[in-house]
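Report on the structure given below.
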Amino acid sequence: MPVDHKRINGPEESVPYELFARLSGLTSEKAFEQLYKAGKRSDGREFEEHRKIFLKNGAVSQAKGSAYIEMGQTKVIVSVFDPREIPNRSDYSLKGELYCEFKFAPFSCAKRRLHQQDNEEKQYSCIMKKALESAVCLHELPNFQVDIYALVMHNDGSALSAAITAAGVALVEAGVPMYDIITSVTVGIQQGVKLVDPDSLEEQMCQVQFLSEKYQDNNHGLLIISKLHTQEQLCQFYQNGYVSLEVLKSGLEVLSKTCEVIVPLVQKCLIKHITNGIKS
Amino acid sequence: MSLCDAEKTFILHGVAENFRSDGRDREGYRPIEIETDIVQHAFGSARLRLANTDILVAVKIEVDTPLPERPFEGKIEFFVDCSANATPDFEGRGGETLAIELSNILASAYKSPKTFNLKKLCILKGKKCWKLYVDILILECGGNLFDAVSLAVKAALFNTKVPLIKSVNIDGDNVELDVSDNVFDCERLDVTNAPVMVTVCKIGDNCVVDPNLAEEQCSVGSIVVAISQEYFSTVTSIGIGSLHAQTLCSSLELGQKVGIRLNEALMDTLSHITSDQDFGFLK
Amino acid sequence: MKEDSLVCLPGQRLSICDKIYTSGQGTYERKGYIYSMLGGVVDIVEKNGLKVLEVHSNGQNTVIPSQGDIVTAEVYIITQQHAKCHIKCIGNTVLKSSFRAIIRKEYVRVTEKDKVEIYKSFRPGDIILARVLPITEAHSYQLSTAENELGVVIAHSEHGYPMIPVSWTEMQCPKTLVKEPRKVAKVVPENMTTDILSVLQNNV
């Protein structure tokens, strides 16, 4: 990975100290065992329960539209800027374009992130762009580009979903024509247990294969979907890990259901914004 | 390539009739040509041609230190180069987004330890491991890149020979590796579970696999599934367009079915390739 | 706006699409129904017996130049064939970011089109009023000043003083009394244009 030499970077070979602590402490496998025995998650949630969401639009005054979302400890700010002409393009395109930038703040994760986008961030930007492209009426913005920036200030799992949901709100506030309201949810899968809206520890837990004999189920992984509410369309779908068809299908159902739970929240936030606008 | 409405309708009707414009049914692949061990300086290589798509993959191996959070594992990295040879659209930075997308999907598909076990690449815990550099060169772009790239990568990894280490000497912080002198002393990588990607395209009310460029134009939404045995290691939607949950499920089913078949065919072909066949590309 | 206005969100179904109700600005039509594509207030506009549903979002609308709009633009490059400019205002809304536009020689004035010479009509730095032409294949907006009311409104002489129009083809510098050729706009003393002028003069 290229390093940005204009900034002062941390030492090249430094390692967060927690790594050495964790080796002796709680492994993903033990954490899962605790969680499975209790039938509840460490923060007292049911397996298929979403964390409480705080959603607020108009967080950045300079931007045309913006939103701030908190899902448990995960905090994301998304801003949308005025459509502008697509730079450095000589041909005319009838459809507009989106530019998405997803960024983890350097201090947002357990490990320090660099200022430059790494591969994971680039991939998330791609997924976000894909999700929003199907929600925005691109034909209404010929030859224009809408810039969307998502900054994760604290990553405690499901940051991408949070960013997509918030971006939907920010786009509406910016007055960008949209087909529908967009919501996004993540689910983690481990041993057939579906953890809706996993935090970062649970996310980690869902990325590994347990070695001990008692866990025969190979299923593990993460699923992220984005849904357009009225049209009941999935505008984005992403899965990784190792998941069988049945689990994938049932995961999809859980996700769809959870998306519906979030929709009223998004609607409430937007209606509040609109009625405030009318009054003033 | 742009199609007029009449051409699109023709393709649409063909798909509905389960008889596509090139004579295939909805689950059919175009002929695939594959050869391995063609790059002298690489530890493993493969070239794959699927209709007009041409891919060259070479694997290089280097010694590296494992990541501190994963002391027992080796590393694998994918680099995709969309050269302007393939299509003029890739000129300059044009192919960059596609290249990033391809390498990200590959990395995600190979991430799970069930698909590709990185622990085999560890030489000495926390000190030394092998790092695989998988370089993918797109020579010609004729649609359905994802499938072609994943097949070529799997073939190249199958072909890869990891040098055998006879002994490891530890002297304080210094680690000395003693690699076998005999060039033929090497290990093969286990790629039985390595994922195969299938692009499923929704055209009209049906889903097809291995779309050609014209069919890609008519698609209202497509997904890429990476199949490892009968499990899914990565699924992602590509391009603009949304799908209903029902459609998604049926395309997953189709993808799985075709993926398993494709994997079997590939493994069968690879096991029949013998090293003394010296004809073909770059030879 | 009224207190009792009808609030809607993107993707909300507003009405059936038939002979009476049609979809207008801020809405789209799908499978015989009209849906909103903005978050805002629903307006029903009656036009020749038709009821057009429109949705207006509050706050500043995203304004894009469309065919027939009167825009205020600043010229930045002139060539033999055309003048390039940045659109600064559309109607009486000031834009946050400007749009690129081009005025071809043929569209500078109504009469004697073949004798037009760009350098005798515009100079870089001039503020002009123009009308947006239909968008064609070209990658930027095309403007026309082929009307009496359109053309240069603010121009500075070579010595940097704001000039005063003396005829429809000439402007004069009040300090040096040098006359420079321009395609001068006959500014109609109307509220709209004076608003724009005052805004622009503050910017200059």
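General observations
By letter and in written order, the chains are A, B and C; residue numbering begins at 1 in each of them.
To be clear about the criterion, a residue touches a chain if its C-beta (ideal position, glycine included) is under 8 Å from a C-beta of that chain, and two chains touch if they have at least 3 such contacts.
Small disclaimer: the values here were computed from a predicted structure and weren't measured.
The most centrally placed chain, judged by C-alpha centroids, is A. Compared with chain A, the chain whose C-alpha mean position is the greatest distance off is C. Taking the mean of the C-alpha atoms as each chain's centre, chain A and chain B sit 27 Å apart.
In whole angstrom, the spacing between the mean C-alpha positions of chain B and chain C is 52. For this pair, chain A with chain C, the centres built from the Cα atoms lie 40 Å apart. Chain A has residues 228, 231 in contact with two or more other chains. Looking at the complex, you find that chain C touches chain A at residues 1-3, 5, 7, 9-13, 26, 28, 35, 37-41, 57-62, 64, 96-97, 99-100, 135, 137-140.
The residues of chain A lying in touch with chain C in their complex are 64, 82-85, 89-92, 137, 140-144, 172-181, 228-231, 267, 270-271, 273-275, 277-279.
Against chain B, in their complex, chain A makes its touches with residues 15, 19, 119, 122-123, 126-127, 130, 133-134, 138, 207-209, 218-221, 228, 231-245, 248-249, 252-253, 256.
Residues 68-69, 97, 100-101, 103-104, 107-109, 111-115, 223, 228, 230-245, 248-249, 252-253, 256 of chain B touch chain A in their complex.
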